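Got a structure for you, questions after.
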């Protein structure tokens, strides 16, 4: 089911939190709404689910206009951050609730609950109460309940935020598996770039109620549309350097790089260098500085290099080097992979 | 130092609590004994103070069982009404979006701190128009209405603490708001509801002024007015009897307290009743 | 109207109805009554029209002419052609003729005399009391003491009587027995020295009791905070009981403690202290016990609330203080108390209002005595309107007293709404449709 | 059609019934009544039985159920209940209450005049003492029927009195001396002080007055020359001098250690037990106290231990007096006139001498009529006989004035303020005066 959100505007009282936003999600696609808290991603999710009223614009599921429909009438399943399982009901009753609301026959409900439980692999837990389940199991119940009435759209609101690191990894692939198997159109709200990148077909990165960029994870990582996007994606994060473009890129008084080809910028710009594109193991123009911090990570080390102009670059260096703190270094930058942004932060 | 400090504290607290403890103690002792004339030390143990249970202590007084039954009906009907009205109204104020909700909420808080008892003259008129003056039904309605702001306030607090996501999930699962309330939210506030039930029952059980003024007739006597009339009657000065009646009157209260201590403390702490 | 609106209003309506009936309507009525002279004598539900003997004296003062008064004062019963005709129609010509012979032209002052005259009928006696009453009524020419249900009936009667046109209006006004609108209640409140004393009493009562409640509630909460939980629980139970015990019983226990042959007197007798009624001996005694009685009830509220906010303070802060070498008093003073500001403020403002309007315990304990020394404003309202020995209940004046409390109540709670950040309480519901 | 037939059948059936059974329920509320006062209600029951029998003889079937209630929260509670009940339209049919309630309740239309229903010139009402009947009138109408008579004597403990140096003969002459104004309240105060000083009674027990408001305090006002009404206009009278002197008298009693400062509010039962057993030298009470002293309090030799007189005069302006405060049967206004009529007849029958004597002797009240006083039951009772002789001829009643309640209330509150030392007598009088002129306005004459 295709989701088409057009010119969506949302106000709370006098403050407009989202203005004129458009988003379309292809049928069977899983898209992430990524952004820091307060960027409007949950608001968008709740508008699509029907819990929030849409103050301006339209929402279509396929060809059907659902803009004014109350949540009950929208073919949407939602998984909440805290799962929102009904504490007084057994797992089976939790999953069966949406079906009971539709007044299906008990036998039919039982059958479908059983199927769904098998799908999410909790067939043995049906008699338990939610508080007797682990976080991951609760998550699976929540998924089953959201999917049991065969919605056209699955909305996931920070579904992994309450899980520990190991379970998070497991559930990431589990959710993706379920989405693929059911072929449902899904929207994932998250503030975690790794979740977004690893689970989704596309990512919509949001900032202050606007979509900053919408693209596939790889494309967004490789070609961030703005300094903001570049800074949001990547761990360890990208380093930014203030530079002056006039024929070449001057970084402080002592360092300069050639302008990447095809760039005709002039004046102050921002240079973004990801840690994996700077270091002694790369080829390209070099930048000199002094090692100011070493953070061993096991397989590799993170090393901060402070330039004479007091700006800092971070590098990922394979372990087993003999670099010492305070040591002056001159390392190479993979110039084809650096990003340039103008003063407003837009990609050049 | 801490143990010594604790002993000092316990000593101080005991001293301060002594008058109350003495009153409780003698309340119990005097109801089953007879003190020496002019003294307070019990002289002999006896149950004659409890004679009001099996004989009429005065020809004009209704039977204690009738009065107890009235009190029970009064207290439980009040409690049920308060709960029934509170669970819906509090849900609406806590969770539903409707016009003038702010206004109703402000009104609720104002009522909560309102000099209700001073309105009793006017309340009399209203009851009288309804034809409910001097009937148990009338006092029940008034008492329930007066307890209502408190009840709604307490229940609203309990609703507020139910996670919104449960409600959202219910709505998303296709259930109407009413169904969500009944099947998903109501079970979550059960503890609050039972606390309110107990609280309103006790409030009804103890109520004195409302039955005194609004239902003076013999048919609607409750234990508070009964006991007060026994005390006020100057030809029967008998603290032993008074205390036995008091004991009888207080037994359910003490039982409820022992059973539901925690919940009561909660509601008295959560809500606020001066 | 969305479904949610309908459901919301529907859910609210039972409570709303109850509140309207027993809160709003009474408030409105109280306001109205405060501007009337309603009392036992006037009745509550409107009056009738009647001129009584004692009214005659004051009629000239309200502008009714002397001749009209004389007309009204005239003999009550007359055997004259008109009345005889009525009598004849009801009881037969023979009787009328006999009565005419006996008493034709006579006038009688009251019904009793008229009945005596009727008893003299020999040939056609009226045997039944009921009949004589009915017959006597036919001879009544005066309207003195007669009650007329409506204004029109009365107007008709005085017109028949021949009261001059110019006196009729004033007479009708004077004859009305029901209540009328007046601002006299407020003038009275203003003028009466007692009013000011009640107000002062209320202030004393609220301030002292509040001080006891908050101070003692704090003390109980803090001291039980440091005690092992079983011991703490025992003390909390002791102090919690007054709150749930029925007031009638609770006050009885205090009465027993304090009366002349009660516990205190008995304990002090061996020391040569005269037994006195410790609760009513003097105003100071009375106030002491009023504050204690109310305070022991109120302190438990403070105790519970303060205890729960104390438990919310992280223990690490106390450990830190202990490490810093603070003794208990210093911990209380510098760590705990500063964090109790809000609960204390809340209790204070909340109880100010409820104390101001409550009178149940005072009513049961001293009933305002001795010498109205403990008569607080709310109790005065109750006494004035609903309970006094003389039996003349002054609803109007009582309502004026109550109205003052209503206004204070509304003002204070409006103030509290601002103060306690009402807008934060009314976060919008998160499901919008 | 079917409806019509059945309606017709019903009419036919009722018309055919030879005797129409009439069922009437009469409720009686008695204020200020204790256990020994149960004949206030029971006499109505007996009367109902009589009336039914009379009806049966006439061939009518009249079933009367009498429901009584008398356990009210004091007088205040009783009056509140009656008033509110009357407003609500469910007042009891008959109330037994103070005659002082006639004025306000008649003005409010709660009660109907008894003279509208019964023949006052017929037995037994024509046998009731005229001055008592007069007390139940207001504005020229007979509103009620006196239910009992009493008066409020001054008591002294004979043993203490003897120890003060009075002889047996002195005691016999006391009533006469008091009546003549030779022995005044001031003399009493001096004797009481002596009794305290001599240790005959404890401090504060020399003079031991009533512990709450009541008609008794109007007596002291009269002792000091106060009059309650202006005979000319019928308005209430506030006599500043008499009031001040009366307040001063009680303050002096307190200052002399003869009366306790905190006396008001003493428990009634404690009070009864103390005066009945000689703890106090002088006190005052009511004729019905006899029953309590000799009964519950166990004083077996009343006449040997207690002497009684009128309330002595306080000064030259005043007189020895006693107030009688009869309770009266009143009929309330009902929708059904027939019920009022039945109630009135019940009241009349209940006023039969024999029935009333049951009440009078059981509760130590006085007779309401000549014939009653002549009954064996009554005349054989020493207390009833003596009290009637000494007290009743001098008894006056408080006025039936709509505002008398407020007057009495204010007077007592002022007294209480002076008594407890909150105000000086002058201040208290001034405050009472201010309050009364403000509330009563035209209806009050200040002298």
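Order as written gives the chain letters A, B, C and D; numbering starts at 1 within each chain.
Everything that follows uses one rule, which is that a residue touches a chain if its C-beta (ideal position, glycine included) is under 8 Å from a C-beta of that chain, and two chains touch if they have at least 3 such contacts.
Every value quoted in this text rests on a predicted model; they were computed, and no experiment measured them.
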item: Chain located farthest away, centre of chain D as origin (C-alpha); value: A
item: Comparison of A-C and B-C by number of C-beta pairs in contact, larger one; value: B-C
item: Distance between chain centroids, defined by C-alpha means - chain A, chain C (Å); value: 68
item: Centre-of-Cα separation between chain D and chain A, whole angstrom; value: 92
item: Distance from the mean Cα position of chain C to that of chain B, given in whole angstrom; value: 22
item: Separation of mean Cα positions, chain D and chain B [Å, integer]; value: 39
item: Multi-chain contact sites of chain D, meaning residues that touch two or more partners; value: 77, 80, 87, 267, 270
item: Where chain B touches two or more other chains at once, by residue number; value: 128, 168, 171, 176, 213, 228
item: Shared interface positions of chain A, touching two or more other chains; value: 50-51, 70-71
item: Pairs of chains in contact (touch as defined earlier), listed by label; value: A-B, A-C, B-C, B-D, C-D
item: Contacting residues of chain D [partner chain C, same complex]; value: 75-77, 79-80, 83, 87, 98, 100-101, 103-105, 107-110, 115-122, 139-142, 203, 213-214, 233-234, 260-262, 264-267, 270, 341, 402-409, 412-413, 416-417, 419-422, 431, 434-435, 438-439, 442
item: Chain A residues within the chain B interface of the complex; value: 46, 49-51, 70-73, 76-78, 80-88, 97-98, 101-102, 145-146, 149
item: Interfacial residue positions of chain C with respect to chain A in the complex; value: 3, 428, 430-433
item: Complex interface listing, chain D residues touching chain B; value: 33-36, 38, 41, 67-74, 77, 80-81, 84-85, 87-90, 267-270, 272, 292, 296
item: Footprint of chain C on chain B - complex, ascending; value: 5-6, 9-10, 12-13, 17, 19-24, 26-27, 30, 38-40, 84-86, 88-89, 91-99, 101-102, 104-107, 109-123, 125-126, 128, 130, 141-142, 144-146, 148-149, 152, 164, 167-168, 171, 176-178, 202, 205-206, 208-209, 213, 223-224, 227-228, 231, 239, 242-243, 246, 249-250, 253, 256-257, 261, 264-265, 268-269, 272-274
